[in-house]
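Structure in structure tokens, see below.
Labels A, B, C and D are assigned to the chains in the order they are written; within every chain, residues are numbered from 1.
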Amino acid sequence: MAQTRLNVGLIGAGWIGKVHAEHLAFRVPEVDLQVIADVNEKTAREVAERNRIPKAVADYHDILSNPAIDAIVVSSPTNTHTQIVCEAAQAGKHIFCEKPVDFSLEKIDEALGWVEKTGVKLQIGFNRRFDPNFARIRKAVASFEIGEPHFLHIMSRDPEPVTPEYARTSGGIFMDMTIHDFDMARFLIGCEVIEVFTYGGVRIDPEIGKVGDLDTVLVLLKFEDGTFGTIDNSEKAVYGYDQRVEVFGSKGSIQIANNYPNTAVISDGESIHRDLPLYFFVERYTESYIAEMRAFAQAVLEDKPIPVSGLDGRLAVVMAMAARKSYDEKRPIKLSEIG
Amino acid sequence: MAQTRLNVGLIGAGWIGKVHAEHLAFRVPEVDLQVIADVNEKTAREVAERNRIPKAVADYHDILSNPAIDAIVVSSPTNTHTQIVCEAAQAGKHIFCEKPVDFSLEKIDEALGWVEKTGVKLQIGFNRRFDPNFARIRKAVASFEIGEPHFLHIMSRDPEPVTPEYARTSGGIFMDMTIHDFDMARFLIGCEVIEVFTYGGVRIDPEIGKVGDLDTVLVLLKFEDGTFGTIDNSEKAVYGYDQRVEVFGSKGSIQIANNYPNTAVISDGESIHRDLPLYFFVERYTESYIAEMRAFAQAVLEDKPIPVSGLDGRLAVVMAMAARKSYDEKRPIKLSEIG
Amino acid sequence: MAQTRLNVGLIGAGWIGKVHAEHLAFRVPEVDLQVIADVNEKTAREVAERNRIPKAVADYHDILSNPAIDAIVVSSPTNTHTQIVCEAAQAGKHIFCEKPVDFSLEKIDEALGWVEKTGVKLQIGFNRRFDPNFARIRKAVASFEIGEPHFLHIMSRDPEPVTPEYARTSGGIFMDMTIHDFDMARFLIGCEVIEVFTYGGVRIDPEIGKVGDLDTVLVLLKFEDGTFGTIDNSEKAVYGYDQRVEVFGSKGSIQIANNYPNTAVISDGESIHRDLPLYFFVERYTESYIAEMRAFAQAVLEDKPIPVSGLDGRLAVVMAMAARKSYDEKRPIKLSEIG
Amino acid sequence: MAQTRLNVGLIGAGWIGKVHAEHLAFRVPEVDLQVIADVNEKTAREVAERNRIPKAVADYHDILSNPAIDAIVVSSPTNTHTQIVCEAAQAGKHIFCEKPVDFSLEKIDEALGWVEKTGVKLQIGFNRRFDPNFARIRKAVASFEIGEPHFLHIMSRDPEPVTPEYARTSGGIFMDMTIHDFDMARFLIGCEVIEVFTYGGVRIDPEIGKVGDLDTVLVLLKFEDGTFGTIDNSEKAVYGYDQRVEVFGSKGSIQIANNYPNTAVISDGESIHRDLPLYFFVERYTESYIAEMRAFAQAVLEDKPIPVSGLDGRLAVVMAMAARKSYDEKRPIKLSEIG
């Protein structure tokens, strides 16, 4: 009889690890979350208890060496990703790994090499692909519903900026925030970006500038099929998370609106208004976080192709590097100039 | 050679007379507005001067006896309408008459009798039929775009209540305000109402109640084709004029939204909002006031059927009477019980 | 230590029973669904297996007599509700019961009597109260955000009509479909309806008329606070489920839009369009079905007031009876005329 | 007594000349349109007759030498603009001139020099500034309603491409189409653009490419206040004219939607849809064409500042040149590199 549930170990109990823990424990019927690892064993135990995970360990090698475990979910700090991916592949575990895979293309390539050599499955955590709104756009483009794409516009804004401390190790806005939009751009248009051009500034928090990062960027994309794209990222939309896209093509246009907690519109003596949008990605993308895990588990259980590959993870990193280089050198950068 | 412009005299320089004066003078290419009459000759002269109308008179008979005049527009007080219509018909002038035609069915019938006998054209001032939104609904119903109609909902709310003084002579809310919606109901569905049932109250200004009128009414309509309708009227929507309709049918539904001065949506830290709607009917229906005059002039010049007939004017009055009777007697009233 | 999870038995494995089974098994963390009963034991076993429910029985008395069970969820046919409620109350089990409680006020009163006498908690399945859109309206009304309510409009339309066979035992459209809207009307305005007036027809399926039921109804409501309301129900909106409400008041208006699977708007050579709404209540109200169960479990576990009481269940039945009586007698009916 | 109407001569009876003729004749109360000139005298006479313009001439010098004429409106071909402006200034006539002023900065500067020297008023035909939607955005930015601007997005798409013949003499897409958006960008943000970067392609009609023009362009703007902007231009939106803008700032965002002939939304078995937008600029911008003429006439009559200056006209031309240069040289171009 076919295996119906995947035995999973979760590595990393930081905030995104906590999000995954709750989903894997209660909302993903295809998964049995059996163990969680975190270097801070106390945190691991707390998360385990809250989510009825049978076991908590400090050392993730305990998971990799456990024959009962089929797959791991990697939500540890970025600088540990490739090391864990390499070891997990060698241990024959399937891998779900958070974005970005790494800040170094060499380390990414080594990890992807082990994945290829061992034949394990590797999925990268670009959860937005599983959001019904973005998926609807992809469907429209893929089915030629709006013809050949000519323009792509991504508006992607956070409700509050990262701290300067966070910015110091995040890899910078392109690697940390825009990376989701880079993946979305490739996913939506269904072909590769060949060049980027970047404007960037520090408009929100001067402290972010002092650590060498940006908080307000506009990235222009040129795709190999002739589509032109824009990504605007602001780390502070005072009204809350704002995630919208338009694709314009030879047969029409498709746009998605932002997501709100309800559809109510109030008319009073001051204005016609509605409540602020869902505050941030945890609220907005809950369902897509669950959906990416279900897709991963199903791909492993049914031996189907992984929906977001290691190469997808690598290409988004390349785009982030090119965007930063464009900002630094004040000129359009071909992706072929990178790695 | 065919006459290309209609020589018009305007009777009544009250506020709606002033609206018509400006439109007829500057915005209706099919009309030459040659003279204006008002019992207050000073007002007539002022309106004439402001709008470059060649002549102003105190006595409307000067217009009726003027052989150069083809048609009149009657915007004098309601209690003078039928008298003027009768005389104008006898003088062979075509007539545009404001709503309501009169509060008395006998007087209406006498006026319609003269119109029929003399063969002049008579159009009633139900301007909303010429609004692009309402017209789009009519088109959808008439073309079976939404199939057979099952429900009609009219939301029709004013930004501020009439004064108690006005209410004393207006004929009451059904005759003064709902009458537009009664006409709209017949126009949109394209068949006759056979019964009404009314709930009414005084929710806004107790003084309106003291003179025997209502300021908040809900009227249920039963059409001969089986459609059920509702009209809600409030004399005070704090956010401004609100004019919306939905028709639901066997093949779908059509709804129109309210009209706004711009399409801008502002997102800030408090809410997602837009500006208040166009304040009142003068702002909202400017174009339809012009369009009804153009339609009248064209119908006369080209000898085509009038788009809003005297019978339309009469039927709206019958519905207003039935609605009040239903409120008074607390029971559904068949229109056949009236007149 | 306080009990953290409620041990629940589910009675009835029809379609709504199946919906509850899945939610109670996987989506309601406060509940341990331990047993399911259905007179068709095979169905009970199948539903149990699919949802990993430990036990399936044919006779619900096995649940009532099980000391490990804290509470039951009743989703058996309507004509068994009050019998089960009475027995469950006597057995000291807390009760969640689907709507309508019963078609007979006597039987309802007997059941409510036992509930009161035994002190168990009873919640009725008016799930829509837990929908974020309806809840937002309730909040606006309760907080005086739109002032005193003057009008309530409920548009509530199904995508396909019931079968004539179903209509024969459903209690009719008022008891089966409008009952949700009756409850919603009371809930949203926060006061009681004192009179109803009904128009009804058979516009969709003549067979429904042959068994004495209606498929298209318009119900007028008069509330004790002077608010006037309308409910329009059609059993067939060709575009799918349609659930919208507006409340208009002295300080403004609040409206909710229908719910859609995504926010995408496509502009092409034909029109500007979006996908059809969520098809029916299972799609639209999934989250509110879960939320009502969580609220029930929490109310029991924490000994808090039940959010939808037995009296709420009774009053909706009274309104359904009055609406039918109004249709039959072609006159407004005071609720005081009923039971 | 102050002069209340401006005596105007119109030069050029091409299509935009015809639009102005009708507006000046019937819709601009501040203007007496006394004469029209066109090298094709027959056309001039036809337009005069249709619009009751007293006089038609072949040679515009007849207008310039007419002492009864206060001001001229120049809607002749672009390559005649500066010549006429120079002569009109010398003749002491106030001037309304269509965009673009000219393709040569030298000629523009000569014309502006004469305007300055003679003290006549010169307004450029950037009519969109008078559109209520764009004006609402400007108001929001100017009043700090959305704080300091960070991003500007202009979507500006035509329903059908120009002909290759037209493209041969239009000055190219940047000078002919984007020029409106360049002016809008400066107007909305209220400060100057310092650099542009352009992607461009031929996606609609290869014949347009053969004459050296583009039909699909994306222009990036850097403003001196740090705002980043995008303009997307397509010459073919199959759904019709599309004119939308968003400005995002430190305190919020403001967006305008496209303009439609009505607000009706139809729900049927296929989709939820509305009618296509207003087809093209004649339909969309009728009111703003009238408003720019009223503003011009009022500025002259009341000796107030002109709302769209000759410098505004020059700067838009500079931006068009920079945008083309960026496309040609594949690098960001500072405006200081131009002229």
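Structure notes:
As a working rule, contacts are C-beta pairs under 8 Å (C-beta built on N, C-alpha and C of every residue); 3 or more make two chains touch, one makes a residue touch a chain.
In this text, all values refer to a predicted model and were calculated from it rather than measured experimentally.
Minimum number of contact steps separating subunit B from subunit C: 1. With every chain reduced to the mean of its CA atoms, the largest distance from subunit C is reached by D.
Note on chain placement: the centre of subunit A and the centre of subunit C lie 39 Å apart, centres being C-alpha means. Subunit A and subunit B have Cα centroids separated by 58 Å. The geometric centre of subunit A is 43 Å away from that of subunit D, both derived from CA atoms.
Within subunit B, contacts with two or more other chains are made by residues 237-239, 242, 251-253, 267-269, 275.
By the touch criterion given at the top, residues 237-239, 242, 260, 267-277 of subunit B touch subunit A in their complex.
In the complex of the two chains, the subunit B residues touching subunit C come out as 147-148, 150-151, 153, 155, 157, 197, 199, 201, 203-204, 216, 218, 220, 222, 226, 228, 230, 232, 234, 236-239, 242, 246, 248, 250-253, 330-332. Residues 26-27, 29, 132-133, 135-137, 140, 145-146, 251-259, 261-269, 275 of subunit C are the ones that touch subunit A when the two sit in their complex.
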